[in-house]
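In what follows, structures are represented as structure tokens.
Shared chain: subunit A. Partners: subunit B in the first complex, subunit C in the second.
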Partner chain A sequence: MIANFGYGVLVITFLVTLYSVFAAIYGDRKQIPAMVESARRAMLLTWPLLTLTAGVLIYLLVNNHYEVQFVYEVTSRSMPTYLKVTAWWGGQAGSLLFWSWLMSAFASLVTLRKWDRDREFLPWVIVVACVTVAFFIGMNVFFENPFAQLYQTFDGVQAYTLKPADSVLFTPADGRGLNPLLRHPGMVIHPPMLYLGFVSFVIPYAFAIAALITGRTDDRWIRLTRRWTLWAWLFLSFGLVLGGRWAYDVLGWGGYWGWDPVEIAAFMPWLTGTAFLHSVMIQEKRGMFKQWNMLLIILTYDLVIFGTFLTRSGVLSSVHAFAQSAIGPLFFAFIGFTLITSVGLIIYRWSSLRSETQMTSLLSREALFLLNNLLFMSILVVCFWGVIFPLISELFSGQKVTVGPPFYERATSPLFGALMLLMGIAPLSAWGHSTVKTLGRAIWKPIVGAVAVTAVLFATYTQKVGALIGFFLVALVIFVTVYEYWRGAYARQRSQGENVLTAFWNLTGRNRRRYGGYIIHISMMLMAIGILGIEIFQLETQGTLKQGETLSVANYEVTYKEIAQWDDLPSGVNYRRAVLDVYQDGKHLGQLAPRIDYYYDSQQNMTIPGNRSTMRDDLYVLLVDWEPAAATGATFKIYVNPLVNWLWLGSFLFLAGIIIAAWPEREKERATVKAKASIRQQTSAAD
Partner chain B sequence: MRINKFVIGGVLILGAVVFLIWTATAANAEYFLTIDELNAKGSEVVDKSLRVSGAVIGDSIQYDAQSLTLTFEVAHVPADNLAIETEGGLAEVLHQAVLDPSRSRIKVVYEGVKPDLLRNEAQAIMTGRLGADGVFYAEELLLKCPTRYEEAVPDQADL
Partner chain C sequence: MGSARIAFYFLLLTLVITGLWTGSASAQGPTPTDDEVNRIAKQLYCPVCESTPLDVCPTEACRQWRDLIRTMLAEGKSEAEIEQYFVEHYGARVLAEPPNRLATYLVPGIAILLGAFMLFRGFQMWMKPSITGAGEEAELGAEPDRDPYIAKLEEELKKQK
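After this line comes the complex of A and B, so read on.
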């Protein structure tokens, strides 16, 4: 009954979104403001409706309604309540609903803003947002109904949306439960963050399309969505990092990123989104790259849909993939439709998107930004090639050929290196015109510093060429950025008579976007230190130990102390937990307790590492095997992951940087209020 | 002149990227084969980098914890998504592959931690090399268990 109610609300929501699309188009074409307003209100209705639908689904999940197929598939009685709630996005049907729910929340937020001068964008923003939401809800309504119930007929048990004739409702005693790998606090935050990143990129896309359709192709749409884009980028980046951390904590292979097709699918919109964030600055400052920016945001939007498609369609084998499903071709059709329409619109508006200035100098800031964009696109091409290569090779040679992580590592690392070099040079180059001489004057001090750091590392830490190049680039970027910061603060200190800290604070406050960006650059370098550490210097060893025996790796010694096994019956888990004493150079540091958790309902093991983390390195121990018959012996695999903590540290600084960059700029808002009555051009000059 | 230097720069970058992708692909391409194809090619593909997919036969799984050596057998499953769908979905195809003794099988050796998802009727996707002894030496092991999580309908035995 309740399930039918949920489905009913979903169908109504679908119809409401369709109405909103048509009312917005009709109202705009016939110039009936009341009709557009009606479309806006209809769109505002979708979020409460979807919240109600989601509420019904969560009610079913939490209260063990296993007659509902989706509930049966993703929950079981032994799961704690918070995981039953997160099971909402633990399966295909639910995650599509979750997508729509987030999307409609963002679309509602954006339509609630004051539109004043931008009223002409409104109908088209509504159209794009509602077409997207309607597509996802349509999937739920027609193909992946989360409320389908199990019915027993003469042919057996099957899931139906409506009760078939001569059937009885079938209620299994218990559900099959969420995959143990997903029963982790990471499940609460990693998928929602990624999805938030995905859906919030729809907003700048909607404005871009509105700008193309209305012909208001100046940079207004970019200014309006600047902060949305930053938040989208924050969510997507954080979602990626959280996924890495989750993999590090749980999957037990001592890694954080495996170039898995689904990881790449989430990484691709991040690449275009990052390129977009950089290149819109050129449009704002110099009136260039307008066609390119449009292309980038369209590409980002379609890569977001493509990413969702890759996870949901089962075309790829991956740890993330859900089952094979009929919705694959539909996703493909939707991507084709939006891509062709959007690119068609760009071509239609091509001449009004011409650059206002010409690029003259190869070393000017805008030329380096262009290079930055090309590098991001190159990484994108590498990723895309790797993902589709099996399909291409099958098409042309009839033989499926795949490429694995070594392909990506080899093809992308020079590109990442080039990006880092650019990160070091670009902040020092000038807009319009820059020469080797002016650039050289600015950069020689940071280069000397970076060379010194590299020399010290060569003498004390490593002689590996790849690592030294990496550390040189990291040092260069950090020195350049700090140098830039210091120059600004020093100038302020002298002209305003402020002390150093106040000068730094005010400097950042005056130009949040620039200095937030610098903080992001530094955080990227900290993350690069972590990646270089684990990729190049990881050590591993393994062995079977009797009680009291010791394994050593690097300067660590690990002694096997004891093992215990017990059942946690309410959770349906059997724990096996080994305790190890950790010594470094003979000094006792503490204990580690790697575990194997066995889930009775899904008959699956889950390996939980014991990890001792410092800024220098992580000691990461896995309990591999332990035979009850020979309880005196257990097998361990031990990794030493140098510097990996810098990756996580960097990601926190990264968050801080984006928040600084995206924080509303108070002074400018005041200026805008003052200038509100004046004409638009004046306002944009004040920006 | 002005146009030229940008065009040259662009062509250089494009060339570099194509070169990177080309060499990385050539160095790391792995042929994706089914077990039937693997057996048919036999000695032809010995010591080439391969990717092979098959159904894990639960009874054959052996793990030597001392040396972290895992051995098991996999049975042939079709690679074509369409064929899998017509035969009743991945879970059913894997189930049949394990039950059917006439299916071609291959022995797999893998050194490392025993994956949590390794069990009867799981789909194993393995990257590695076929030895001259006819054993597949896997360097990487990816597992999927459709039976557990994606079976649409519960068994009637649950009644």
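After this line comes the complex of A and C, so read on.
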């Protein structure tokens, strides 16, 4: 009964979103403001309706309603309540509903803003947002109903939306439980973060389409959505980092990024989104590349849908699974529809999207930003090809192949290196025009600093060429950024009589976008240190030890002390936990306790590493194998992951950088910006 | 005597050959270490699980495959032979990269080069009207247009010095 109520609300929500789409189009075409307002109110109604639907689903999950197929598949009696709630996005049907719920929340927030100057955008923003929400709700209504119930029929137990004739409701005694890998706190936060990133990129896309349809192709839509884009980027970036941390903590292979297609699916919109964030600045400052910016946001939107399609359609396991999947072909059709329509609109508005100014120098900021875009797009091409190549191979030759990390690492390393180099040069170049002389004058000091750091590293740490190039680039970017900061702060210190800290604070506050961006650059370099460390210097060893025996790697020694096994019956988990003594150069550092958790409900193991983490390196120990009956001992795998903590440190700084860049300006500053924009508009009109 | 000598040498030769054969057949080195096994298993992907290298795959099937690698290494098989064995039995998907590497790298390579070429042409096109002006400016040694923010910064720094 409750499940049927949930499904009923879902159907009503679907109809409301459809109404909103048609009312917005009709209201705009016939110029009936009341109709557009009705569409807006319908849009605003979707979020409370979806919240009610979600509330029903959570009620079913928390109260063990195993007659509901989704509840049966993702929960069990032994799971704690908070995990039963987060199981909402632990399965296909629930995660689609979660997507719609978040999307509808964001769309509602947008429609609640003041639309005084931009009222013509409103109906088309509603249309795009509601079409996207309707598509996802439609998936739930017609194909992936989270409220479908299990019925016993003559053919066995199957899930149905409506009770079939001659059937009885079937309620299993317990559920199958959530995949143990999804019970980690990182996995509780990681999907919402990614989804937040995904759905918030829909907002700038909706404004871009509205701009194309209404013909207001100036940079107004970019200014309106700049903060949305930054928040979208923040959520997506943080989602990716959390995913990496989760992989490091629970997947048990000593790394954080495996170039898995699911990871790449989330990484691709990040690439185009990052390119977009840089590229829109050219449009704002120089009125150039409007067509390109439109194309980038359209690509980002479709890559968001493509990412969801990759992970939800079954296409990754096999093209045949995709063909059998109910939602796969629909996703494919939706991507095709939105891509063709959007690109068609760009072509339609092509002439009004022409650049307002000419490029005057190959070393100008805009030229270097464009080069940055080329590099991001190149990485995207590599990623996209790597993901679809196995599908193409299976489709055309019938041969299943794997495109694994060696391909991606080989193909993207030079591209990432070039991006780092650009990150070092671009902040020193000027908008409009730069020459080798002006650039050389600005960059020589940071280069000298970077060479000095590299020489010290060569003498004391490593002679590996790849690592030295990487560290040189990291040092260059950090020196350039710090140099830029110092110049600004020094000028303020002298002119305003401020102390160093106040000067830094005020400098950042007065130009948050620029200096927030610089902090993001530095954070990226800290992450790069971690990536270089683990990619180039990682060491590993594996061995089977009896109690008291020792395994050595680098300057660490690990001695197997004891192992214990016990059941935690209320949680339904069996723990096998080993204790090891850790020594470094003969000095006792402490103990590590890697373990294997076996979940009875889902009959799956989870490998939890014992990790000793410092800024220099991580000693990461896994219990690979141990059988109580066997006298052979326990097998351990040990990784030494140098510098990996810099990756996590960088991600925190990254967060700070985005918050600074996206922080709303004060009223006074906003007024100045508005005045400047108005002068620019008047000037271009006069031209 | 002559035939006896021939028979003796024949017997000796037979014994030597047989001995050598037997020796080579049973020439199994010491049991390979986990690290030696993992070095090869790392290059192979689990034929069952998606995107999981064989050295870290926790399934029972993969443990057996790692044991198989150990046995083959003990028998003196090379890395290439072991990879070939897995490809023959489980298909090309066990390799970390498709067998035909050219096809894998060619398409993105061409796409990137094409993108770079288009950007280069774009630069040429955008620069055309002003390239003479820029050249003259450079010849005259004039300062280029400055980013107003940087210009202001420089000005303030100069003033203070």
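Convention: the second predicted complex is superposed on the first by the 644 of 687 C-alpha atoms of A that agree within 3 Å, B and C clash if a C-alpha of one lies under 4 Å from a C-alpha of the other, contacts with A are read in each partner's own complex, and residues count from 1 in each chain.
The criterion applied here is as follows: a contact is a pair of C-beta atoms (placed from the backbone, for glycine too) under 8 Å apart; a residue touches a chain by one contact, two chains touch by 3 or more.
Values in this document were obtained by computation on a predicted structure and should not be read as measured data.
> When the two structures are laid over each other on subunit A, do subunit B and subunit C clash or fit?
Once both complexes are aligned on subunit A, subunit B and subunit C clash.
> Contact-wise, after the overlay, does A:R176 reach subunit B, subunit C, both or neither (first, second, both, neither)?
It touches subunit B, and subunit C stays clear.
> Would you sort A:N499 into first (subunit B), second (subunit C), both or neither based on which partner it touches?
Touch status of A:N499: no partner.
> Once chain A of both complexes is superposed, is A:V401 in touch with subunit B (first), subunit C (second), both, or neither?
In the superposition, A:V401 touches subunit B and subunit C alike.
> Quick one: is A:Y490 in contact with subunit B, with subunit C, with both, or with neither? Answer first, second, both or neither.
Once the two structures are laid over each other on A, A:Y490 reaches subunit C alone.
> Using the superposition on chain A described above, determine whether A:P414 touches subunit B (first), subunit C (second), both, or neither.
first
> Thinking of the overlay built on chain A, is A:S602 touched by subunit B (first), by subunit C (second), by both, or by neither?
Only subunit B is touched by A:S602; subunit C is not.
> Have a look at where A:Q463 lands relative to subunit B and subunit C in the superposition and call it first, second, both or neither.
neither
> Between subunit B and subunit C, whom does A:V381 touch in the aligned arrangement: first, second, both, or neither?
In the superposition, A:V381 touches subunit B and subunit C alike.
> After the overlay on chain A, which stretch of subunit B ends up in the same space as subunit C: 77-85, 131-139 or 149-157?
In the superposed model, subunit B runs into subunit C at 131-139.
> What residues on subunit A does subunit C touch that subunit B touches too?
Touching subunit B and subunit C on subunit A: residues 252-253, 317, 358-360, 362, 367, 371, 374, 378, 381-382, 385, 389-390, 393, 399-404, 406-407, 411, 542, 544, 605, 607, 625, 635, 637.
> Where on subunit B does subunit A make contact in their complex?
Residues of subunit B touching subunit A: 2, 5-6, 9-10, 13, 16-17, 20-21, 23-25, 27-33, 51, 53, 63, 65-66, 68, 79, 81, 84-85, 89-90, 112-114, 116-117, 119, 123, 125, 127, 140, 142, 144-146, 148-154, 156, 158.
> In the complex, go through subunit C and note every residue touching subunit A.
33-35, 38, 45, 50-51, 53, 56, 58, 63, 91-99, 104-105, 107-108, 111-112, 115-116, 119, 122-123, 126-127, 129-130, 134, 138, 143-147, 149-150, 153, 156-157, 159-160
> Mind listing the subunit A positions that touch subunit B in their complex?
My answer: residues 69, 72-73, 150, 156-159, 170, 172-173, 176, 179-181, 252-253, 314-315, 317-319, 321-324, 358-360, 362, 367, 371, 374, 378, 381-382, 385, 389-390, 393, 399-404, 406-408, 410-411, 414-415, 542, 544, 602-607, 622, 624-627, 633, 635, 637.
> Going by the contact rule set out above, which residues of subunit A touch subunit C in the complex?
252-254, 258, 260-261, 316-317, 355, 358-362, 365, 367, 370-371, 374, 377-378, 381-382, 385, 389-390, 393, 399-407, 411, 430-435, 438, 487-488, 490-491, 494-495, 511, 514, 540-544, 605, 607, 625, 635, 637
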